[in-house]
Amino acid sequence: MYIEIINEEFDPWQKLVDYKKSQLKDRKNIGACSVFLGTMRDINSGDEIKSMELQHYPEMTESYLEKISENTIKKYKIIDTIILHRVGLVSPSDPIVLVATWSEHREDAFEATREIMEALKSEAPFWKKESTDKGFRWVEPQAEISEDMNEV
Amino acid sequence: MYIEIINEEFDPWQKLVDYKKSQLKDRKNIGACSVFLGTMRDINSGDEIKSMELQHYPEMTESYLEKISENTIKKYKIIDTIILHRVGLVSPSDPIVLVATWSEHREDAFEATREIMEALKSEAPFWKKESTDKGFRWVEPQAEISEDMNEV
Amino acid sequence: MYHSLIIMVIVVKYFASISDAVGKTSEKIVLQHEMTVGEVWTDVSKNIKYAGKVMTAVNHEYVDENYLLRDEDEVAFFPPVTGG
Amino acid sequence: MYHSLIIMVIVVKYFASISDAVGKTSEKIVLQHEMTVGEVWTDVSKNIKYAGKVMTAVNHEYVDENYLLRDEDEVAFFPPVTGG
């Protein structure tokens, strides 16, 4: 299990290859790897986005990403997981999030990667502030927040 | 859309990075990339597998992988897809199949990659022959074949 | 009136365990009358031991056993696929 | 009998649009009596304009508005998250 919050542009595939080589080299029971990469689009809600500031709540973010990974490892037959997430000033096409899971069989990896992403989207304390021609704006979440997220 | 049947060991992540750089460089509307990598396990059905021969039906395989990609692109909002599949003599830990899809939003990429893999597993004419201490054996399919696959 | 003489030549391909059972990977077969894919399989498999499922394709498309063959068709018999 | 005097110090953190609305990223608040997270929010937000949803965490765990604060708790108020 590996989690990293990254404050500068990063190469997600190189990170993945390095982790696999250093940590999973001898795991010959791996049959499946499911990866999701989220990158910054240059258009959102119809406006051109020049750049984006990714804010987070450091201590809570780390602990939530660990929790999400652990829950997923408990639920599926997962050999390992990594979550990398960018913070700071992001430009269009930059990688924002990489989630990868390894398992023996494909169903576990598919389900796990997707669940990690959904949990990250609704629970991990990150916030996006976009810079457009009209100025700055905080991004609104797309979907309803999940029920275990309580509000004041 | 890119499809390749590969007769030697290959680096799936390098292939992915190269394709992205050469074909999708200027696609700044990409927000999501979902990747599945299938690798050879060293144990199957309780036996140690020393190596595996991957046979295929060349003309039909290519045409089915194209068909699968096209169907998926029609069904979801997909920017591009690649499918790479190994044939020939494969060793434990070797990559066998790489599927990647790019889309604006994560749901499309997640669904598309999974559907391509499921269709590939049930329709694309590849066969695995394992080499164990007990000799060679053809791998049996795990699940029921889908209904549009007719049998004599 | 003449009774028309039908002579068709098809190519039959075998893969994986079916190829092992038949002992060849492909052959040309001359059909003296119209035949379905299922009838050809009955013919070519009558002296072999093969108990598993058989998938059939003609010209690289899956077809069912009732598919009526035409001259120069490429027929394939193979077990359920196991790629990926 | 004495009426016990409760004095608790909590740290409050604000993020994203809520931090913009409050005009600060964190502050220490002294509580003279027991308070829930919801009561603290009512207090700190009484002079600001913020119409959106508010998420609350105490010591890096999500809690609901009825969570009763203890000395040295770290409270956070933030809008729904938008990472990934």
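As written, the chains take the letters A, B, C and D, and residue 1 is the first residue of each chain.
Just so it is clear, contacts are C-beta pairs under 8 Å (C-beta built on N, C-alpha and C of every residue); 3 or more make two chains touch, one makes a residue touch a chain.
Please read these numbers as outputs of a predicted model, since none were measured by experiment.
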Third chains touching both chain C and chain B: none
Smallest number of contact steps required from chain A to reach chain C: 2
Between chain A and chain D, centroid-to-centroid distance (C-alpha), Å: 27
Centre distance in Å when chain C and chain D are each reduced to the mean of their C-alpha atoms: 74
Rounded Å distance, chain A centre to chain B centre (Cα mean): 24
Separation of mean Cα positions, chain D and chain B [Å, integer]: 50
Set of chain D residues in contact with two or more other chains: 84
Of all residues in chain B, the ones touching two or more other chains: 38, 106, 117
Pairwise chain contacts under the document criterion: A-B, A-D, B-C
Residues on chain A engaged by chain D in the complex (per definition of touch): 38, 54-57, 59-60, 63-64, 85, 96-97, 117, 120-129, 138-141, 145, 148-152
Of chain B, residues touching chain A in the complex: 13, 16-17, 28-43, 92-93, 104, 106, 109-110, 113-114, 117
Chain A-facing residues of chain D, complex: 13, 15-17, 20, 37-38, 41, 53-57, 60, 62-65, 76-84
